[in-house]
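The data blocks that follow each hold one structure.
In the two complexes below, subunit A is the common chain; its partner is subunit B in one and subunit C in the other.
Up next, the complex of A and B:
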């Protein structure tokens, strides 16, 4: 394989992990988050600082997941207090808070970011396989969870948390579980990102990134695992495919986000479903 | 004097925030849409103002034209973008709106260039001293405008039939329409007023900085969301108070908190603290 295709696939794998991690929180458990990139950032900064100080790659990655997950539980506690639009804005605030703190700390590299992050030492192909393995695991985990007892509990919380509470479900506990799993997977995506680019700065985890991840989930079809996988894969390489229209790249991206929401609010999975049932009606 | 100067700067910044956030809170109060593209209208207002002032030489004319044109654009955005997706869950219009905002920013960059535009002759620069505080005309005008517009809105809402129709629609659209209120018209009017307030804010921002650039809306785009939440979503007076408070807190914060946080995240620290203590916002919805 060419080096270019390899990096493309790595980027895809990382996006799928990130997209599915948010899908767990927003899609399965119904808690919207506009600050998901902050958790990727926490994972990335933790693992990058550790490998830079000579620690091996895998434990650092795990530590990144752990810190991101702990931060996620704290934000999950916020979700117990506020709902819907308020939660959206609170999580957005968490995202900006992360940026604001990282920017002013010299120990975290400040505005300049962290450069010279060591290579994980797996080789490009090895790293690709590892990323793809992680993505596949997350896909499996999502599919498994969706059918499991936990997935049904998440569904109930997403649908109507008051009713779920009355039926005896411990809403608090399920929300925290969703946040803990989702954000630690985001930390994994962040750690992989840091060791792929081998340079991170606050802007890599800004508001735009959070929106990009959210749009992967929403365009794919909120809660749909395969929809999100496809949307993450396509959206992550879209800017590279659009190189030929250079100057109009972001314009097309913005209009695309807008049009999907305007014309097919259920995302791509709803669109496919509608087309499918349309043709079935035609045939019968 | 540093104390007073910071206070005045905070009031000024708060007024700008207030003008833009009041428009947004009107939209939110009626339709429950987190209308991020509002910040795009703010930028559009600034551009129209600079271009028309440079063409005609009259700042007043430019501001009025800008408010009118942006108001109409706001109505079009409602008709084309939001009306068909009103019955969807709230993140659908939110993401549509974010997409629209990204596209708008790019359009400004493509049409007017990445480096922005300035006035050929900057209006309203005479200093006007008042009680030891010396500010430029433009700065006084900004503060007057934010208080003035909110007063006008309060008058419209509380003393006219139109305001009654608006309040009825906010409380319960179905019952309002069964009493003969034309809800669609109320929504259009709401978008017109909200968007023209964003335009006014954009015009004043253009004069204060003598610059309009494609990205001038990106900081307000999220900060105004924090402000309308603090103000108690949909509460006009609360929003103005929250905006001015935030302006003042930021202006002191940049001096005293600079080692810990950067300016733009101060708003969110207060937002998160406030929401954890009072999940319904600082000011109850009225």
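Up next, the complex of A and C:
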């Protein structure tokens, strides 16, 4: 396999992990987040600093997940009282807060970021296999979760949290679980990203990145595991194939987001489902 | 002796409007209490006070002698208070059956972290189907609530409220939206359920059915307790008739 294709596949795998991690929070549990890149950033910075200081790759990656997850629970706790649009604004604020802190810390490399992050030492193909393995595990976890009572409870919370409470559900706890799992997986994606590019700076985890991840979820179909997998895979490599998409990323993704919300609010998965049932009706 | 449910002088104010003023009442084991009164009398507010959706600083609620005011809604539900809503709120992404299955699985969702490792829904499906049949909406089990008629959604609310095996079942206008035959049938079902030992509070405008099945009535008007007692004695009181029917009728009954 060519080095270029390997790189593309690695980027895809990381994006799928990131997309699905947000899908757990926004798709499954119905809690919108416009600051998801911050949690990827926390995972990335934590693991990068650790490996740069000579610690092995895997424990560092795990530590990145842990810190991102803890930050996620903290943010979850703080935003329990807000819903919908206000939650969107709060999480957006969290994203900017993260950037603001990182930019000012010399220990975190400030504006210059962290360069020279060590190679994980798996070889390119080994790293690709590891990234794909992580993505596959997250796909499996998502599919499994959907069929468990946790996914069932998430459905109820996403649908109508007041009614869920009226049926005795401890909505708070379920939201925190969604935040904890989703943000720690974002930390995983961030750690993988840092050790793939081997350079990170605050802009790698800015608002544009948060919107990019959200586009993947919305375009794929909020809550649909395979829809998000496909959207993440395609949207992550498009900017690498077409320079103008990279240049006009926010414009292109914004336009895509808008068209999906306007014409197929259920995303690609709903679109496919509708086309499929349309043809099935024609045939019968 | 402790009553099953005791509300002590509940007062609730929304801005300048006093929705409830110093209302006290009680519910005994195996009662079927009818809560009646004109629109805007505060019936729903009173029940939302019991479940904890609306809380007030004055007064308190006791369940079997245990003070439950101040607890969040879901904890009161776990202690055995279940309420079906007047404005139906089904989970729109779930079929009729799944709506009730989810409610019936209340013991499975008790420990949130453990829910990741529980998958089986067989028992809950059985229970949900039984409830849907009992309420006469089993034919809709696999349908989504979006397009369902109001009469079905009302009964879905009741089924869901019953599915969590409450000590006290509070139903907010379950008969509204049903035709007379359906209403009668549902009232019969509720009456049967009550005879099997289910304590219930019924908010209802259909006085015919209320008179037929309730063992006691509480009448609210303008946020105040107007009367309390057996259905016949309550409805024969002149000020109750006034509140309900207006003054003219009192002159010429």
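One rule holds for everything that comes next: the second predicted complex is superposed on the first by the 271 of 284 C-alpha atoms of A that agree within 3 Å, B and C clash if a C-alpha of one lies under 4 Å from a C-alpha of the other, contacts with A are read in each partner's own complex, and residues count from 1 in each chain.
As a convention for this text, contacts are C-beta pairs under 8 Å (C-beta built on N, C-alpha and C of every residue); 3 or more make two chains touch, one makes a residue touch a chain.
Small disclaimer: the values here were computed from a predicted structure and weren't measured.
J.: After lining up the shared chain so the two structures overlap, which partner does A:124 touch, if you call subunit B first and subunit C second: first, second, both or neither?
T.: A:124 sits against neither subunit B nor subunit C.
J.: For the overlaid complexes, name the partner, subunit B or subunit C, with more touching residues on subunit A.
T.: The partner with more contacted residues on subunit A is B.
J.: Pick one for A:170: touches subunit B only (first), subunit C only (second), both, or neither.
T.: In the superposed model, A:170 contacts subunit C only, not subunit B.
J.: Applying the document's definition of touch, where does A:86 land relative to subunit B and subunit C: first, second, both, or neither?
T.: The answer is first: A:86 touches subunit B but not subunit C.
J.: Is A:258 touching the first partner subunit B, the second partner subunit C, both, or neither of them?
T.: A:258: touches subunit B, not subunit C.
J.: Can A:78 be said to touch subunit B (first), subunit C (second), both, or neither?
T.: first
J.: If I apply the document's touch criterion, which positions on subunit A are contacted by subunit B in one structure and by subunit C in the other?
T.: Subunit A residues touching both partners: none found.
J.: Report the residues of subunit A in contact with subunit B in the complex, numbered from low to high.
T.: Checking each residue of subunit A against subunit B gives 26, 32, 78, 81-82, 84-86, 88-90, 92-94, 96-97, 99-101, 103-104, 207, 211, 214-215, 218, 222, 247-248, 250-251, 253-259, 261-262, 265.
J.: Quick check: in the complex, which residue numbers of subunit C touch subunit A?
T.: 51, 53, 72-74, 77-78, 82-83, 85, 89, 91-94, 102-103, 105-106, 108-109, 112-113, 115-119, 121, 160, 164
J.: Please give the residue numbers of subunit A that touch subunit C in the complex, ascending.
T.: Residue list for subunit A touching subunit C: 145, 147-150, 152-153, 155-156, 158-160, 162-163, 165-171, 173-174, 177.
J.: Contact residues on subunit B for subunit A in the complex?
T.: Per the touch definition, subunit B meets subunit A at residues 32, 34, 81, 84-85, 88, 90-96, 98-107, 110, 222, 225-226, 229, 233, 258-262, 264-269, 271-272, 275-276, 279.
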